[in-house]
Amino acid sequence: MPFDAASKTALEGITTATLTTILLKKGLRNVWIRGGMPIRAGQARRVGPAYTLRFVPAREDLATPASWASPISTRAAIEGMDEGVIAVVDGLGVTDAGIFGDILCARMAYRKVEALVTDGVVRDLKGVLGTGLPVWCNGAAAPPSVAGLTFVGWQEPISCGGVAVFPNDIIVADDDGAVVIPAALLDEVVAESVEQEAMEAWIMEEIGRGTPLPGLYPMNPETKARYAATKASKP
Amino acid sequence: MPFDAASKTALEGITTATLTTILLKKGLRNVWIRGGMPIRAGQARRVGPAYTLRFVPAREDLATPASWASPISTRAAIEGMDEGVIAVVDGLGVTDAGIFGDILCARMAYRKVEALVTDGVVRDLKGVLGTGLPVWCNGAAAPPSVAGLTFVGWQEPISCGGVAVFPNDIIVADDDGAVVIPAALLDEVVAESVEQEAMEAWIMEEIGRGTPLPGLYPMNPETKARYAATKASKP
Amino acid sequence: MPFDAASKTALEGITTATLTTILLKKGLRNVWIRGGMPIRAGQARRVGPAYTLRFVPAREDLATPASWASPISTRAAIEGMDEGVIAVVDGLGVTDAGIFGDILCARMAYRKVEALVTDGVVRDLKGVLGTGLPVWCNGAAAPPSVAGLTFVGWQEPISCGGVAVFPNDIIVADDDGAVVIPAALLDEVVAESVEQEAMEAWIMEEIGRGTPLPGLYPMNPETKARYAATKASKP
Amino acid sequence: MPFDAASKTALEGITTATLTTILLKKGLRNVWIRGGMPIRAGQARRVGPAYTLRFVPAREDLATPASWASPISTRAAIEGMDEGVIAVVDGLGVTDAGIFGDILCARMAYRKVEALVTDGVVRDLKGVLGTGLPVWCNGAAAPPSVAGLTFVGWQEPISCGGVAVFPNDIIVADDDGAVVIPAALLDEVVAESVEQEAMEAWIMEEIGRGTPLPGLYPMNPETKARYAATKASKP
Amino acid sequence: MPFDAASKTALEGITTATLTTILLKKGLRNVWIRGGMPIRAGQARRVGPAYTLRFVPAREDLATPASWASPISTRAAIEGMDEGVIAVVDGLGVTDAGIFGDILCARMAYRKVEALVTDGVVRDLKGVLGTGLPVWCNGAAAPPSVAGLTFVGWQEPISCGGVAVFPNDIIVADDDGAVVIPAALLDEVVAESVEQEAMEAWIMEEIGRGTPLPGLYPMNPETKARYAATKASKP
Amino acid sequence: MPFDAASKTALEGITTATLTTILLKKGLRNVWIRGGMPIRAGQARRVGPAYTLRFVPAREDLATPASWASPISTRAAIEGMDEGVIAVVDGLGVTDAGIFGDILCARMAYRKVEALVTDGVVRDLKGVLGTGLPVWCNGAAAPPSVAGLTFVGWQEPISCGGVAVFPNDIIVADDDGAVVIPAALLDEVVAESVEQEAMEAWIMEEIGRGTPLPGLYPMNPETKARYAATKASKP
């Protein structure tokens, strides 16, 4: 896995709001996974490379409890997950059939999967919460996946919440949902985001002092100079 | 009411996730009421026979505050509810007019109605929570029902959240929403669900021991034998 | 600002559920802002005159970080807000780009804006909650406004959540969302709402005593007489 | 059937656009059936009393080809239709299962049903067109009704396209779709519509002469006087 | 290609309405591709094995005019299509970017592709019609695919219009849209559909003679006997 | 009006499909007005500067037939339209109330308005077609605008079909719908589109000769050379 510990640590300190600002400045406007929100309030930020799973709609001859034992099954896909990956599941935005319940989430937690992100929903909400697996999803529903979905593969390019996700893209998920950083852009995004985050923290201090917005955010040359001086004065 | 206490007690221990799995194995894929989710987190599971109510859209000559005193009114319908029923209301999925507020919910609580389930919303959320009535709904909205709905009858077959509900079908509602068990299938569903629930509990223990998914869930013959031995060894 | 303190105080004691009932009796069925719900549970009721802001969709030549420094910008609009106004933002119902984040909300809180109401979403949810600004919105999303929206003006008539809002209409927001009272109807709505609220409180007491609904809600002549007697007997 | 020939003849000469204007002036804003559009361009206007049919969603134990032989079936409902009625079918807005195909439409045409109006779709489009039955619907789909719908009754109040329809309300359908006239308002709506239609025809002549809109539409007192003079001068 | 000429000829005489009835009797309720309707009225029925293509959402770093020259491109996919296949394209239901325009459709027509079916839209409608390629789609839009979509592969399982389609499933498309016959069920579906079509033709004749629906459709034993006699009497 | 005749003539020969390709190459992906499609098949391409109109939702105290005589009315807006403009109307995507009927469209035709483009619908479809005004819209509906909309102004920036339109942006509408060219980009877009259109015509000829797609579209260096030679050889 080419995802290094330093990038991970840096990204754990950056909001997805900042990341989307940086990505937009690079021309990427569509990187936020619609429908994938934290399953519980205050869930800590999670960062990791994408491990993708893909469903197509249910067809009664394919989507059966028997299919769960097929070699192409969610079970097989889960057994291939390494520690630290973020499972990203194309659930087709289906909200009336849960992609996974307590058993599969427990196994993912056991394998130290960093998080589960999907535009679909989970089932057996209480059980899933009990496993401790961090989940970003679109809610909960009682019916099993086969009531609406057929599993077809993993580690392929997928659609998730209206966003393209490729295996090994970097996923960052927090209170504002989950964002995709294309693997090729990782280093420059990390570098610029760290600087942006520091700058916005200083602006928030200024707001607390009553500084009006015009000239402050975005900064005009005078404010930029003042900010530069502040940075320079720090040890 | 032909709904016996033993079935009720059994179903109070079964998740709606398990019930939908059992119903799907019998060919029923559409039994989960879309949009009817718990009004507060952690609301205990509720079980009871369906008592149905039906709205059509508002028409300004019909849907008026005056209509609330009509013999065909939500008031009359509520006075016909026996202790233990679950009121299931076809709110047409309308989310900008509340079907009931604090007064009607308080009366239902007074009559020991088991729960209210709807694909619509309630109004005066704070007041409704204050009545203690367990509610599964699609949120809250300030406007009265007559801003969007006209009440037309009760104890008829209805649509609720994309599911057909007939009077006296059995409703089970928990953290994953509300599920309909057709009255004619009650006994076999209860029997099979109890067994399924026990089996899944054992599988969760295995997951905790680090058993991989393939062969475990669903069980292959070897695992089945192991599970059978475990069951046999219990007192 | 022609909005007097007495009306404000009165409205702080009236639910939006009651207000929509009174407005419907006057023929106004479309006054509740769809999608504008409390950002945190139990947020206290807020009342104030509307200060409107308007977005159109993003166009890549217009919606840029550079646009934030334009004279027609959200920054300029915020600097024009007086203490006590409720900012009402036409976010076009867009849920995948946040209209404001922590910095703009902090400035609004500093200026003692009464509340922010929108059919869109905010970004940097944790930061926004930290500012203490009361917000009614449709959730949170990481991307900046320019990923989906272009700001075009303020203090114009707007659409918000399917409702027409004009500058200086009165907004009341509570657990059931946000309601618009047309400025011209303010005095009569306040007067009738106070009476309605008192009457419904008495009806709730009757429900607690086990009085059935027919004849009680709505009141028949006998109940009206009984209620009148109760009112008369109060000091 | 209390629907008289004179009203029918009069309404055959009135556009649904004019009818909705007259109904709105009486406070009725929600009388146009969403999704019920002409199945072929240029279909002549149709007028008749509503004969309602009602579906709920499919449930696999109920919605089966076998159900078509049940006493409560679309077949039985059709055999109860008198010449001249307009069948109005609550298809729940479902667009992926056809409520009727060529056989049922042929039988309705044989029974001289005036028209079929639904917010759902038909199936076997070519066959349905071949029967000559005038249809207003939301398109076509191959699957049978039981793929999505369960039939539950007829001549009840229904929802159709977001509008309340009661048996014997009057339906008028033309190029702009289908409109409901509440039975109790029929006579006054007919009278006012005839006058409105004549007035708008005269305004269109004025437009052809180049008269500007202000003062013409709506008419100011001077234009009203001119129009009155024109009317008076006609034989 | 294992799809034989006899099945093709037989299916060219069967409506998709009949096919969905037969498939539903086998338990398959979800085989009709939502949104894939004939691009022009009266387009002849088309039959062939599915050749699948798959898009994911656009991401500005991937979905560029430059990507059209990539080895994984719609161009390469089209060059792999044999005569007689039906191209089935997962367009994610996107209706604001056209999957193909006149040039790609002209090449498909040149290669004798039987038809194009998609839940997306085409662009340059006039040009596409000019190529003569039979198309089932969800309308037209001017923007290029890269405005909303990224192409990722072909001959994989896909979702199209809410239906699972696998390479070499059989597609039949007519006035009612496009239907998927799972490859494994082909022979029995063809056999039963031919019989069903003949039976319904006889029922239509009966309707023309004024036979009422009950007992005719579905047939009771007496009608079945009468139908059997008719069939036997034919040469 | 700064829109010159040469640009108009050039754009009348360019498809909206080509225009969106050119605009995307400049980074503009969101320029096609969703929902604004030709009211009749084969309507000739129309080109002109945008004249914008804006609605907000109906509120019963504002959206009345009486409002049609207000100084801020659609009538006044229409009287300000010069010959050749394209009226672009923000109808909020409302499809159950017509923005204009036959009378207003007749007046616009009389004033030689080039076209009407909206994301809403018209009413009195037959009458509107009779006026000959070229219209791009989202269908037809019987109810008057005031059933769903309140008119608030003209010649302001608007949202139309999810696209930002400013007064005097250039609109081009044809079989694929309507596209916005930002006024500042007009000259370069016209120049590049003319070249693109010629190149694609040559590619279509190549397709007719059986040239495969790879290397042809997009062109590789060899094809580019061949195309250059062809162009050079033309008189």
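Think of it as A, B, C, D, E and F in the order they're written, each chain with its own count starting at 1.
Throughout what follows, a contact is a pair of C-beta atoms (placed from the backbone, for glycine too) under 8 Å apart; a residue touches a chain by one contact, two chains touch by 3 or more.
Please read all numbers here as calculations on a predicted model, not as lab measurements.
J.: State which chains count as neighbours of subunit D and simultaneously of subunit E.
T.: A chain counts here if it touches both subunit D and subunit E, which gives F.
J.: Counting one step per pair of touching chains, how few steps separate subunit B from subunit F?
T.: 2
J.: Can you list every chain that touches subunit A and also touches subunit F?
T.: C, E
J.: Since subunit B and subunit C share one sequence, what rotation angle in degrees maps the C-alpha trace of one onto the other, as a multiple of 5?
T.: Angle of rotation between the two copies: 120 degrees.
J.: Measuring centre to centre with CA averages, how many angstrom lie between subunit A and subunit D?
T.: 49
J.: Counting only Cα atoms for the centres, state how far subunit A is from subunit B in Å.
T.: The computed centroid separation for subunit A versus subunit B comes out at 32 Å.
J.: What's the distance between the Cα centroids of subunit B and subunit E, rounded to whole Å?
T.: Measuring from centre to centre gives 38 Å for this pair.
J.: Using mean CA coordinates as chain centres, what's the gap between subunit C and subunit F in Å?
T.: 36
J.: Show the residues in subunit B shared as contacts by 2 or more other chains, in ascending order.
T.: In subunit B, the residues touching two or more other chains are 27, 29-31, 58, 60, 162.
J.: Which two-chain combinations qualify as touching?
T.: Final set of chain pairs in contact is A-B, A-C, A-E, B-C, B-D, C-F, D-E, D-F, E-F.
J.: Considering the complex alone, what residue numbers of subunit C touch subunit F?
T.: The contact residues of subunit C facing subunit F are 27-31, 55-63, 92, 150, 152-153, 156-159, 162-165, 180, 182, 184-185.
J.: What residues on subunit D touch subunit E, complex-wise?
T.: 58, 60, 65-66, 68-69, 75-76, 78-79, 95-96, 98, 101-104, 106-107, 110, 123-127, 139-144, 146-148
J.: List the residues on subunit C that touch subunit B in their complex, please.
T.: 15-17, 19-21, 24-25, 29-32, 34, 37, 162, 174-177, 179, 200, 203-204, 207-208, 210, 212-214, 217-218, 220
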